[in-house]
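When the chains are written out, they are named A, B, C and D in that same order, and each has its own residue count from 1.
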């Protein structure tokens, strides 16, 4: 049982363990404390983000020139030959690729698989969610602490499988593993199977986390916390967890069938045996469309928190936002077809097109509510708030550019072009990653007990914002003008826009490096963080920063709503530092 | 703990209802009864089919079996898994999951069934049974899999046709092959038996009662199953079409309407 | 409260009764307020897990439905290569095992330690019988006839160019189910071991029995649908 | 000028930036209009939202000691309003999108049906009379005419990578495509017509479009005579990821006057000298993987020497060796992966459905013409000369 683990260090912060580095490592590796596990997730996820980012930079670099691939690789070889006497085997040999384009194909597959399966799906729920969901509920831990640790280990094993298959040369199937290409390419190697297995295993980790969170929200709310007293972050994570539980098993069986397809040609997805490749796409997107809401819902959840706390304003339309989260989770199972409009029958295409618009409505409602929350607030301009505003900017673009992709006539033109690439980067990166950064800066003092340098962080935020838009806004025009996805070479006309996009990617790199420096500096020499630096009202601000072993000295009792800034002085604050309006509006 | 309706239950195990053994045994017996029923239903249908040559439409069989299975599943969930006495939340979780399953099946089938709504030629496969091309890929790396997946080149035939051709070569002559075949499956003429060795080898008079382990042509084959390689080409040009039709002359009527049934 | 329910006429010997794993001495996780919260949460978690299992098999069922719709003849022929008798027999075996699993839970609730063990043993025997029938009378003969999945399909008497797909799905579905049988059986075996060694389950501590039984019932549920789909529907 | 441009008469600057060019068909124009409508709608929403956001962030920025002013937490009418308005506008988008989709999917019965075949990595269009286009061109959006007229075609080809097959269609006609793929999923995309559809193995997919009338400004560069002829070039791209050369799987759609078109397909339909036929087939179908100058590509080169070329012994992957004679070549075309040359992966699709007997003979004749040996391995000088200038002329 977990009791013996919880017995000792009462009152200490969660991360000062026993003396001795080995003892510390063992304590972390064997911990069932959701906070430690959250931090472990954070580290792993950020490492995967780094790998995926490197491959993204490689992709962008390749696209500097219409027919660069061959030259680049030869140049690389000769360059080394000039400096050192002997010619280094160029990348093409290292990856044991047939030709130069295959290297590019493997790198963008690498980017997709890393970013989707290993970074963005677990990013917010598994790291920030793990850390803050129980605290915000006023619980000591998640429902199943050991399951929680297990899911982290499963996640790491999955990542290891993926990295192993990359070290064996990487796969060129594209992260969607479309048959029959994925069942026939590299047929004499098993690195493809390794990558599929990686996705399969990561699915289990995702399922376990989801189950854990759903049960936690249902059973471990603090006394006095009804469903509608929960912070919206919890609502978002809850909707996410529901999707994780219900959608991920389907991709499990899909990838299983895919593996058997490769090993023994069972033929279900294989046109050469009477199977149907489009059926695979149905199987895959039944999971992978809901999963894009696994990616974005936690981001939306963070934004709801950040905006309301930093503008000291009750979130506008609490129930609307809460229900729209559930609505998105529900509708997300109805719309997967819009990924395969160009492969489907006409009737199904029309059906899915109509249903797809449904998902836009709750999303729009959320954006309206967030902006309405700013009205008459007391808005602090700091990094979390800045990132929240960046989110509102980029995510609105991402959402609005989704409309032509739900509209049949235009989607037939834009499908599989750079327009789509730009669109989902505006939602995934401009949405989830920006929200992730917002949440990271919002909760960093709470997680590590150190403040960070506000100026450098804001500088990094601005540079990331510029770099991001420079990188991806150009790609909308590339797409509409006729640049297909996943092209290693392209016609000369598109070069200008591609060059701009690549420069933007370097700017992005700079921005994230600044953030990295800020965080390291904060960990090394940051000043001690107060328990409640922003004046938040949710429960995580009542305990110390960093939180103690069991989160709270006494089980908290919820006396005020999470957003009652008009009537409540936040914990650890002096009323004169936190002026309240004289005549709070009646509601 | 909220107490549930616990009529004819024994006292609670620390607040949780205990299902009485009478109920459990009764449920088991009902389940066994339903199993018997569905098997009976199935065999009755076979019997009607072969004895009276009446082909019941396909949905009779499907709806019968599946509805019985559903009833059984509900019984197991309610009593053995205790949903009847449990929190409503668990039931809700199960129901919502079934709702997702329904969406999954429904939409996928809608797409695969309605591809030919605008152009009829978008429906079918071009080469029936698959092109047989994807199979001549190299074997999986031995380091990974000791039992290699065989690398077959089916020469563009479906793998079933391919295996039959292999067997025919192995047996030397078509006649020898069909002799071998009808020794094992004497009940009806194989649709691919184009020049009617079924008759020449003297199996046509033979009528056996159905045995589930023997393939009985209960529906007959869809007209033109083996020759409509291109939906636009005229089916009647292919000799096997004729062969099929007079082979199943007795079951022709049925094969037509089943054809319609299956398409619809 | 256990005294009222102590139906076990022979009380456990001291070295078991004082063992920390004995059901009377078991605590519950520190982050729960009451034992009931722990119990309900774990059970709810198990149900969520069962939903994921259902959706896992939904993939098989979806492929089955789609291809039956596309290639009805192949499906009709394929189903008649299976002998419904073995299917029915296995159904009966699983139903009985499901019943014993359910009454194992009941025995744990009522602290009937002996009958708890007996029920679990019968369940495990049924699991073994199921697998035996499946392999001895179905997999091995079929494979030896060349009715294998995918590229291993070398059956010369096939009627229809798509029967290979039917066999692939047959092996995927039943194979996945057999895997679940093994997992469920090992769960129940673990329960049997612990109740044998420590009497670890009783009126206040039968969660593990209940959850393993739930898993076993799910295995039964899946078979309840696989049986008509594969053996009876044509 | 072979750049597929449309001297756009009534095209807003904004639209010009977005699409770079007019749509070529009515359905395409409809798509553009719908896209612009949605874009303007989005811009309006976006501008309103962002102005409010920025304005309030500045107006209500935090001042020390100043509390947030009270305001209601929700406003039912407001929320209903901003739920209903988006829903209504999206309903409009859906209906219009449906109409545009129908315009692309449904083509009149009178439409000319072209059969499109796709494989890794090339397109082939078969015309109603069974002919298929032998012509290739190297075309690019970029304006490299100077190079062309100065005849520096080699450098030019290098800069664009390779030649693309050219498919001819008559002007002002309804075309219906019936597409199917030999190996993996491809996607047939004509950006000018704003429409694409996946090309799926062992299944027919398709769509239709109506080619525009040519205008006086529409001319293309006839690569044979280096003269401008009335007509109009468009890109065809593969939009579904299909492997190594996915990005090179392009082609040109050339819209020409009806009489030119008729003459062309009549010409292609009639049999011609096998070597010429083989050469044209090579240029359209094989060039992507097989070189004739000895350079190794995806597949073995056809040029003779160092173990390659017709009449030379081929070392196979399984260790055995085979003489490259007519039969071997025929087998390698129809059933490529049974005898794979050592050092190459079996990635070539079978061309069973693709090539007629005449085509295969033509290809083999062409291979012979490239080699300095006969099928029995003996030396011959007659073809040697021809091989050189063929290779030279083709680069």
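The rule is short, and it goes like this: a residue touches a chain if its C-beta (ideal position, glycine included) is under 8 Å from a C-beta of that chain, and two chains touch if they have at least 3 such contacts.
All figures in this text were calculated on a predicted structure; none of them were measured in a lab.
Peer 1: Between B-D and A-C, flag the pair that has more C-beta pairs in contact.
Peer 2: Output for the comparison: A-C.
Peer 1: Centre to centre, using CA atoms, which chain is the farthest one from subunit A?
Peer 2: Chain B.
Peer 1: Taking each chain's centre as its mean C-alpha position, how far apart are subunit B and subunit D in Å?
Peer 2: So the centroids are 42 Å from each other.
Peer 1: How big is the gap, in whole Å, between where the Cα atoms of subunit C centre and where those of subunit D centre?
Peer 2: Centre-to-centre distance between subunit C and subunit D: 53 Å.
Peer 1: Please report how many Å separate the Cα centroid of subunit A from that of subunit C, as a whole number.
Peer 2: 36
Peer 1: What whole-number Å value describes the gap between the mean CA coordinates of subunit A and subunit B?
Peer 2: 42
Peer 1: Can you list every residue of subunit A that touches 2 or more other chains, as numbers and ranges?
Peer 2: 180, 184, 188, 218, 246-247, 250, 264-265, 267, 271-276, 278-279, 283, 346
Peer 1: Hey, what residues on subunit C touch two or more of the other chains?
Peer 2: 40, 44, 48, 51, 54-55, 58, 62, 66, 70, 150-152, 161-162, 164
Peer 1: Find every residue in subunit D that makes contact with two or more other chains and list them.
Peer 2: Correct list: 105, 183, 201-203, 205, 345.
Peer 1: Provide the full list of chain pairs in touch.
Peer 2: So, checking each combination of chains, I get A-B, A-C, A-D, B-C, B-D as the touching pairs.
Peer 1: Please output the residues of subunit D touching subunit A within their complex, sorted ascending.
Peer 2: Its residues touching subunit A are 17-21, 27-28, 30-31, 34-35, 38-39, 41-42, 45-46, 49-50, 52-53, 56-57, 60-63, 65-75, 78-79, 82-83, 86-87, 90-91, 93-94, 96-101, 103-105, 140-142, 159-161, 183-185, 187, 189, 191, 194-198, 200-203, 205, 207, 235, 237-248, 250, 297-298, 345, 347.
Peer 1: State the interface residues of subunit B toward subunit A in the complex, per the touch definition above.
Peer 2: 89, 96-97, 100, 103-104, 107-108, 110-118, 122, 125, 128-135, 137-141, 143-145, 149, 152, 158-159
Peer 1: In the complex of these two chains, what residues of subunit C are touching subunit A?
Peer 2: Listed in rising order, the residues of subunit C that touch subunit A are 27-31, 37, 40-42, 44-45, 48-49, 51-60, 62-63, 66-67, 70-71, 149-152, 161-162, 164-165, 168-169, 171-172, 176.
Peer 1: Within the complex, which stretch of subunit B touches subunit C?
Peer 2: Touching subunit C from subunit B are residues 1, 10-11, 13-16, 18-19, 21, 24-25, 27-28, 31-32, 35, 38-39, 42-43, 58, 61-62, 65-66, 68-69, 72-73, 76-77, 79-82, 86-87, 89-90, 93-94, 96-98, 100-101, 104-105, 108-109, 112-113, 128-130, 135, 149-150, 152, 158-161, 163-164, 166-167, 177, 181, 184-185, 190-192, 212-219, 221-222, 225-226, 258, 262.
Peer 1: Over in the complex, which subunit C residues touch subunit B? Could you list them?
Peer 2: 1-2, 4-5, 35-36, 39-40, 43-44, 47-48, 50-51, 54-55, 58, 61-62, 65-66, 69-70, 72-73, 76-77, 80-85, 88, 91-92, 95-96, 98-99, 101-103, 105-106, 108-110, 146, 150-164, 203-204, 206, 213-214, 217, 220-221, 224-225, 227-229, 231-234
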